[in-house]
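Have a look at this one before I ask anything.
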Amino acid sequence: MIIIMQSHATDEQINALRSKIESYGLTANISRGVERTIIGAIGEERQLNIEALQSLPGVENVVRVVKPYKIVAREGHNENTVIQVKGATFGGKTVQIIGGPCSVETQEQMDLAAQFTAEAGCRLMRGGAFKPRTSPYAFQGKGVEGLHIFRTAADKFDLPIVTELMDVRTIDDFLKYHVDIIQIGARNMQNFDLLKEVGKLHTPVILKRGLCATISEWLMSAEYIAAGGNHNIILCERGVRSFESAYRNMLDVTAIPFLKKETHLPVIVDPSHAGGKAWLVSALSKAAIAAGADGLLVEMHPYPCEAWCDADQALSPNELKTLMDELRPLAQAIGRDI
Amino acid sequence: MIIIMQSHATDEQINALRSKIESYGLTANISRGVERTIIGAIGEERQLNIEALQSLPGVENVVRVVKPYKIVAREGHNENTVIQVKGATFGGKTVQIIGGPCSVETQEQMDLAAQFTAEAGCRLMRGGAFKPRTSPYAFQGKGVEGLHIFRTAADKFDLPIVTELMDVRTIDDFLKYHVDIIQIGARNMQNFDLLKEVGKLHTPVILKRGLCATISEWLMSAEYIAAGGNHNIILCERGVRSFESAYRNMLDVTAIPFLKKETHLPVIVDPSHAGGKAWLVSALSKAAIAAGADGLLVEMHPYPCEAWCDADQALSPNELKTLMDELRPLAQAIGRDI
Amino acid sequence: MIIIMQSHATDEQINALRSKIESYGLTANISRGVERTIIGAIGEERQLNIEALQSLPGVENVVRVVKPYKIVAREGHNENTVIQVKGATFGGKTVQIIGGPCSVETQEQMDLAAQFTAEAGCRLMRGGAFKPRTSPYAFQGKGVEGLHIFRTAADKFDLPIVTELMDVRTIDDFLKYHVDIIQIGARNMQNFDLLKEVGKLHTPVILKRGLCATISEWLMSAEYIAAGGNHNIILCERGVRSFESAYRNMLDVTAIPFLKKETHLPVIVDPSHAGGKAWLVSALSKAAIAAGADGLLVEMHPYPCEAWCDADQALSPNELKTLMDELRPLAQAIGRDI
Amino acid sequence: MIIIMQSHATDEQINALRSKIESYGLTANISRGVERTIIGAIGEERQLNIEALQSLPGVENVVRVVKPYKIVAREGHNENTVIQVKGATFGGKTVQIIGGPCSVETQEQMDLAAQFTAEAGCRLMRGGAFKPRTSPYAFQGKGVEGLHIFRTAADKFDLPIVTELMDVRTIDDFLKYHVDIIQIGARNMQNFDLLKEVGKLHTPVILKRGLCATISEWLMSAEYIAAGGNHNIILCERGVRSFESAYRNMLDVTAIPFLKKETHLPVIVDPSHAGGKAWLVSALSKAAIAAGADGLLVEMHPYPCEAWCDADQALSPNELKTLMDELRPLAQAIGRDI
């Protein structure tokens, strides 16, 4: 850690810093420059309390030297993590497209959705049984019954299932229905108690980025899961909040190459929630894959106009099929497949 | 609800809209303008599925006419809600200053903190037993033991206590220790299962604004609590995320008058987390009160440089005292007291 | 235009609205709903003063029905605008890659840069003679001498030149050196006097998006140029400001398909300024083309580490060549060429 | 400047850094830590090209030690700058309220506006003759004629005038009409050629913050003016762009104390443009003064509903008078006057 002192910092203040650093078991390297004194804290920097140093008199700024995350960092774990989900891999050569509706509605709807998902060539299926809705008056999901419906429909087509966990109290139900990938939604990215619980499981986790989470905060949330022992983490960029009101969120495509450099974990993208409109999904899907994403989470509904939730962003079964056909040559052009 | 059709929308598309609106039990009022056709949906608009309308062919845009929130809206409930917490009121003439440390550390620290909080003239005390930390390797709070320490210290000075609830599984502990105000933190503002649970209690709730939550989303989260039956909700602005990196968050002072117009609930401000620096607390506190805030949540630690958490933003006991002395004439100048 | 009245609006207030609307020569269509009265203003809405309506007593909200831009809107001009620059086209099947350094430094540097740009297969060259720098103490560009150097270098390889105009007083110099495309930088996107002046020319204009300009504001700035008579406008997305500090700007890839729907003008992307790092250029370039961009503006310097400006974002000549080789199959995969 | 090397940086890379630093005439101080090597560049850091260092192989991050601004920095110039404008002072004990309409419309309108401004107790008057409008079809201001009208009206009440300069070509007109304070608008904050020209004058300048300008960029724009010789600079916070769409801009009240610490220049606030609504002006004005602002720029129109521009944010003459009456005791409570 580097401490930059104010220009008029006194010797007493500098010595206080030195003592504080040494009290944590680190060594202080003091360098007196023309305009300012700089103090380097040499040793295991993660033991230092950055705010406590910041609060000492005479300190202008404190700069970290090492990354706050360890297990999920590519530094020290150079190989890509490849996650296996019943034969489908995340983080390898294949770009995985996960299709399915926003929410579980009925057995008929899910049976059709599963059939269309499989027919389009997707290897996994998504669908929400528990729904985080802005309004308490909106449809909140079918709950445990939804898990049953989803499992039944997906099993007919041998599709592993991805569904969102919102509450620690329903983890047992998720295990009972053998949910193949647990999704942690954007609004729960910093629900640390939930992260700790999924950290104790072996089930792969899709961790969505919070609405305005920095890359660093996001990786620290992944670190929470990893620190518990579950290293099967897939990061999902789903658009961030911005000043632009023309579309729901702003897909942060730069996050994809940046994450691939910072972490060994697979990175996927949700073009449906990012743009918020079905007609934007094709362009955003292509951009995501071209930028290096390891997969997509795409909303498709048998009858989009009848969907109980996010109707305007769901593709029709035909549109999903067309999308898959468009993405295959694109993936090949960058040396991957779908 | 108003539906604006695309300029080339066909009669067929317009009729489909009409049918859809009527299927929800509302009436469609069609107005053909020079450049576009506008459709008004007359009736109980909250029954309409806005995204489903949005997804219909020929639709350019859908505009809500009524607010999505009802119970917390000032419209239809013109009187200010005044919340009583053991003699201290929120939403009345008095501006309530809640003082105390970021986190509960030891009995000695809390005893001192309680003493200084009371001496400065604050009528309530804050302190975290469960801490939401970005890093899994940072101090996570003393947990239930912290509640015990806090209750013990505060009782010596008859201070009602405010502390953060992060997990539905600890509600019973909060009730056991008679927590006077339950705080829902910024990261849990849209943890809907948590909101539903506190909605079932009678304990007053401080609902902090999410890091990039809109006013409307925030009020909808309050509506979740209110819809469960708990109307004792205090909104707390704590700074939002912005492009500016010179300070931790950007205090959204405009939110204060805006909320006072939109809702009858009390509105307080957390100047400590907003600015992230002790030296900014005085100016931000004054701005908040001048703009109409009903209270403040101010961090104070007996020995700031030794704090286990957020050391750089805690006031010293003397600084808190000075702040209180500065705020009194300011409050009087706008017709309030402290 | 639609005016939504407050729930308790009086008849008098509603009548005042009606009179105001009629005073502009439009007709008022009043629809009294269950909770609110809605007034539609039928006629040429661009004649209405939206703020003046907003300020009238009893008004809750005013909603536009038509787009504020006309000439640049795709509505009413369905064909793509294709701009010819000495044989290179923007807005057609070919994706145009414009290469070159951030700034003009010396004749030798520009001669080399032109050679490498041509060898890589780029059909146009970029380079700044006038540089908008955050600091008054930083290199401000070579000025008119830079235009001369640039023209000389580019002519040796028959490359049309793209360079930034910052000041109305240098337009004559731009014409004297036959600048092929005038670039308006992000910081001048709403320098309306500058826009009006380039609107009087026939030279094609690259209009960069402001650091936090909405799509609508950006198109209105294009409308300023078009309203003056110059319809040869190329929009350039270059990343927007966000809360994320890990990279310089956030490339708004969603803007590409959105703009292609809203306007008939060509849309290009500047991946170098967006990411701010040379190693991000490849991924962002691919994302931009996959999302439908009509071209790229890529920084390349003969010796990046020696560049006088933005050294960390310039590709080396070899890296540019490699990039072009990677982009060709990608463009083909989506039915375009380079 | 401090250079943090990547964890696997080689000795060769470290030596290249050393050579580069020494080639600028500075000394390199190399400190090999447990996880990383840190290089301190000792000497006049402003001579270093930060991006060129950033681009060298093996570099992880480069951190500035000194501020990029010099003349406007409080460091090295501890006294507040106090600017005199015909007897009215900015930066002293008095909080200056500048009143007046958004734009100059007619002589009658300006005569009335001047009378009401003076009667309310304001010591200076604002009004725009040249208007930066998002739309080319909106009223663009009366131009030079507007300067004449404004001067005539203000002289009747001995009010110094504040008006916006948008184009270097109109500076002579501003001098001819003895404009007392030249305003540089938010959209021109980084119009560097304009800044350089006003830097050559002696007329005080109000420099508004750009829509998403950081504090550092804003001070660098002030530095442009100061570097030219004009040190009479008043900074004006006018709200920044955010994700919140409930109000036009987000007033960044934290900027006020932060600027007072970083710079010796006076800081004022424009509550009218910040909130965008007349009913928000009172609360925002109070917040600004409480936070330490040296003045306000408040829109008032003789007949707000008839204003040609920004009608919804103008106070009526009576509202301005009431505002002044409310602000006086508030200013006194913090030891200032109005």
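Here are some notes:
Letters A, B, C and D name the chains as they come in the text, with residue numbers starting at 1 for each one.
Keep in mind that, in the parts below, contacts are C-beta pairs under 8 Å (C-beta built on N, C-alpha and C of every residue); 3 or more make two chains touch, one makes a residue touch a chain.
Remember, it's a predicted structure, so these values are computed and weren't measured experimentally.
The pair with more inter-chain C-beta contacts, choosing from A-B and A-D, is A-B. Of all the chains, the one whose CA centre sits at the greatest distance from that of chain D is A. Chain geometry summary: the mean Cα position of chain A and that of chain C are 31 Å apart. As a whole-number value, the distance joining the C-alpha centres of chain A and chain B reads 26 Å.
Chain centres here are Cα averages; for chain A and chain D they lie 39 Å apart. For chain B, the set of residues touching two or more other chains reads 212, 241-243, 245.
Those residues of chain D lying in contact with chain A across their complex are 2, 4, 7, 29, 31, 33-36, 38, 40, 42-45, 63, 65-66, 75, 212, 241-243, 245.
Within the complex, the chain D residues that touch chain C are 46, 49, 51-52, 54-56, 68, 132-137, 140, 166-169, 187-188, 190-193, 196, 210-212, 217, 220, 223-224, 227, 241, 278, 304-314.
Interface residues of chain D, counted against chain B in their complex, comprise 212, 214-216, 239-240, 242-247, 250-258, 261, 274-275, 279-280, 282-284, 286-292, 326, 329-330, 332-334.
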